[in-house]
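Here chain A shows up in two complexes: once beside chain B, once beside chain C.
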Partner chain A sequence: MDINKPSQAGTLESNDVYVQLLPNPNGNIEIKLKSIVYKQFKDQILQVANQTLKDLQITSCVLIMDDQGALDHTIKARIESAVKRSL
Partner chain B sequence: MASIDILTLKEQRKIKIDAMLQKHDTVWVLKCNYPGNQKLNAYTFFVFFTILKEMRTDLWRHMDMSFTVEGPVAIMWGNVDPVIIKKSMIMLEEDHPLGRYVDIDVIDAYGYLKRTAFDRPFRTCFVCDEIAHVCVRNQTHDIKVIQDHFVQGVLSYIDTPSKMVTFCAMAELATHPGFGKVTPMSTGIHQDMDVRTFIDSIYAISPMFDQIEQFDCDQESDMYFNQLRQLGLAIENQMFLTTGGINTHKGFIFLMLMVLGAAHYRPYDPLQETIRTLAKPLTMDFQDTTMSTTGLRWYRSHQIAGIRGLALDGLDIVFDEFLPYFIQTLESEADINDAFVSTLLLIMSRIEDTTILKRQGLDGLAWLQKQAKKALQDKSQWKALDKACHKQGFSPGGSADVLAVVVLLACFFYDSKEGFYGHQQTFPGRDVRKQ
Partner chain C sequence: MIKQTALFIPGNQPKMHISADVFGADCLIFDLEDSVAIHQKDSARLLVKEMIQAFDLSYTEVIVRINPVDSSFYQDDLKEMLQARPDALMIPKATKAVIEKVEADLKHYNDIYPNETLKLYIIIETAMGVETALETCLASKRIIGVLLGGEDLCTDMKVTPTKQRIELQYPRSKIAMTAAACNIMAWDTPFVDIDDHDGFKEDALMAKALGFGGKVCIHPNQIDIVKEVFAISEKQLKEAQEIIEAYELAQQQGLGAFSYRGKMIDKPILERAQQIVAASSKE
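Take a look at the complex of A and B:
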């Protein structure tokens, strides 16, 4: 499934992640991550994001994440929210 | 009200903040740093209002407050320099003894102001030196350890009678569901008061309890009791002045004075005995032929001694039943608020609450005691009982006051090794540290 409509979810509050979902003209998945714990958790955050998109069968999008230390389940919930809102 | 989860609440707040920033330069948000799925309890409530008091003198007018599973949250706004606000909030977080237990966000049209832009380091974990965000993400510490640190931080901040009274009053108010009493999210069955009425009352009356420290402990017990009584009347008067004639705390004031007064009077003697001794003059009240109050009228007709009876008994039922239950339940419950609710239900099932008698009579009291006893065993009944109380106009005011004194005794006068003794870390004028 491609993302055709932009959407967003989450906030910039502590322990949350603000995500924006945009269509990707390149036809694949591109994730842009900014995080206050980038150094320590970049890989884990990207892994959760990719897995969530995969579980939702998203094959093409630009996912922009501004993370304030969100736990995995929060990241998953926010991405799911954004996907739902873009359908 | 349907249970809304924390993530949804955050998004709803974002919408609110964005709208406020259309009209004002700066918005700032106060929340507690307390982990868990249900963040509203006596401790977060106390921290919230203690810090909030540092911020604005016109407490209610320029803020948006909410009390949910997210805990207490206040949003404030103004056409002021966001940098000045951020700097002062950073200082508050770092310098106030309870500062580490709150999170204050400052936002302007360009976004969230970051403490790193003000040359401040990332905040550290409560229990280790790691950056808090890293510990949270790694879930390094058991949630109970962090919650316990918060609790202990609050308790060690409370070192005067007025702070104790404030805490206990907030504890009784924060407990939810309230089975008809006022809670932070509901006025219960009451039309004339809400959480703000109670907060105003608390702040007006609690400083007056420090006057106990001036009482002469060498005088006879009935003279000492008389002094307590005079102070009680003065505090009650202040309450009525502040609330505009609404009785928010009469029973609470009485019970606080009995315990704090006893603890100050004879710090080395068993509290129950001192309370029993000090309370003796109350028997004179029962001989008063005018019997002008509800409580006294129930004594004349049914020998129900009410709150005076509790004191004349040296608060036996509190020490023997409610305290051990509260302490044990605090240990076993994952959600601190549940322990408070449970204890409130136990009290409701056991005492002759004259505030219930007044509205619902003996039958009503019997019904409530039975329902409370059933609900004790089964949390799934709490919501239904809360609803039934609202529908039928029940409000367990007396039980809530007894809960407050249970909290007072458990938090500040109990040592698990020694059992109870008269004092804790208060009454600095007297050398009462047990060797």
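Take a look at the complex of A and C:
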């Protein structure tokens, strides 16, 4: 499933993540991550993001994440929210 | 389970969710209604669902206040929360018709999302709601508690809230009495001035005197005050224990009525003493 229109979800508040979802003309998944805990948790955050997109059957998008220390469940919820808003 | 304190937590604020366990509230009410902006309702329900599924919240009772039944958010709230499986839903602006609608929807979804153990708390927050509270509380066996929504009630009555809460005297008495009649929990209305600790304590004392079992908190600094107010004092417990001892002695002596410190003790007083001792053992 592809993303049809841009969307966003979340906030820049502490323990939250602001996500933006855009259509990707390249036809694949591209994730751009900025995080206050990038060094410690980059891999974990990307793993959760990729798994969430897979679970939602998204095969193509640009996902931009500005993370303020969100836990896995918050990342998952915000991405799901952005996906639903983009459909 | 003691349920004197119930803390409202805005549904769309992750930082409040993850620190919820340190506040010591008996119940947590994740809110999808008044504390969530309209354009964030969709996001909030997903966040609350993921949070409930991800964390071990067995130390508390997990309640979700969903949006009113006549709102465009209700159906999606219900479907997502049935997947989240909280202990209870809190239904705002409750009336008999509203509860019957919720019951019908829960039954409809039961095959997909089993929900027979799901309980309900209801919020009485309109004038008609107050007047018809008994039939609303009896509308479903799932209902285990009722909350008085004082602010919305004042709006419905078109009155300005007073510091002394004069406008809530009748509704508070009515709701406490109805809850007792139905043998369900009664939580008093929130106190919105979160910096007025003395005022909050007075308000909680009034609620206790009227028969409420606890009070809803909208800020963590209210929790300890509620616990202090609703706790059974050592003096109360000692007196209750002495009344029971005097009763047992009277029984041994074959006496029906007996006196304690100059007062005749009859059945209601004895039962009250037994309730105090039982409640104290749960604290």
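Operating definition for what follows: the second predicted complex is superposed on the first by the 87 of 87 C-alpha atoms of A that agree within 3 Å, B and C clash if a C-alpha of one lies under 4 Å from a C-alpha of the other, contacts with A are read in each partner's own complex, and residues count from 1 in each chain.
Criterion: a contact is a pair of C-beta atoms (placed from the backbone, for glycine too) under 8 Å apart; a residue touches a chain by one contact, two chains touch by 3 or more.
Treat the numbers as computed from the prediction; the structure is a model and nothing was measured.
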| item | value |
| --- | --- |
| Fit or clash between chain C and chain B when superposed on chain A | clash |
| First (chain B), second (chain C), both or neither touched by A:32 | neither |
| Chain B versus chain C as contact partner of A:85, first or second or both or neither | second |
| First (chain B), second (chain C), both or neither touched by A:41 | first |
| First, second, both or neither for A:54, with chain B first and chain C second | neither |
| Partner chain(s) touched by A:12 [first = chain B, second = chain C, both, neither] | first |
| Contacts of A:74 with chain B and chain C, given as first, second, both or neither | both |
| Candidates 74-82, 92-100, 128-136 or 182-190 of chain B: the single one with C-alpha clashes against chain C | 182-190 |
| Footprint overlap on chain A, comparing chain B with chain C | 9-10, 13-16, 71, 74, 77-78 |
| Contacting residues of chain B [partner chain A, same complex] | 7, 10-11, 13-14, 103, 105, 111-112, 122, 131, 133-134, 136-137, 139 |
| For the chain A and chain C complex, residues of the former touching the latter | 9-10, 13-16, 70-74, 76-78, 80-81, 84-85 |
| Residues of chain C defined as touching chain A within the complex | 13-15, 18, 42-43, 46-47, 49-51, 53-55 |
| Complex contacts: residues of chain A adjacent to chain B | 9-16, 36-37, 40-41, 68-69, 71, 74, 77-78 |
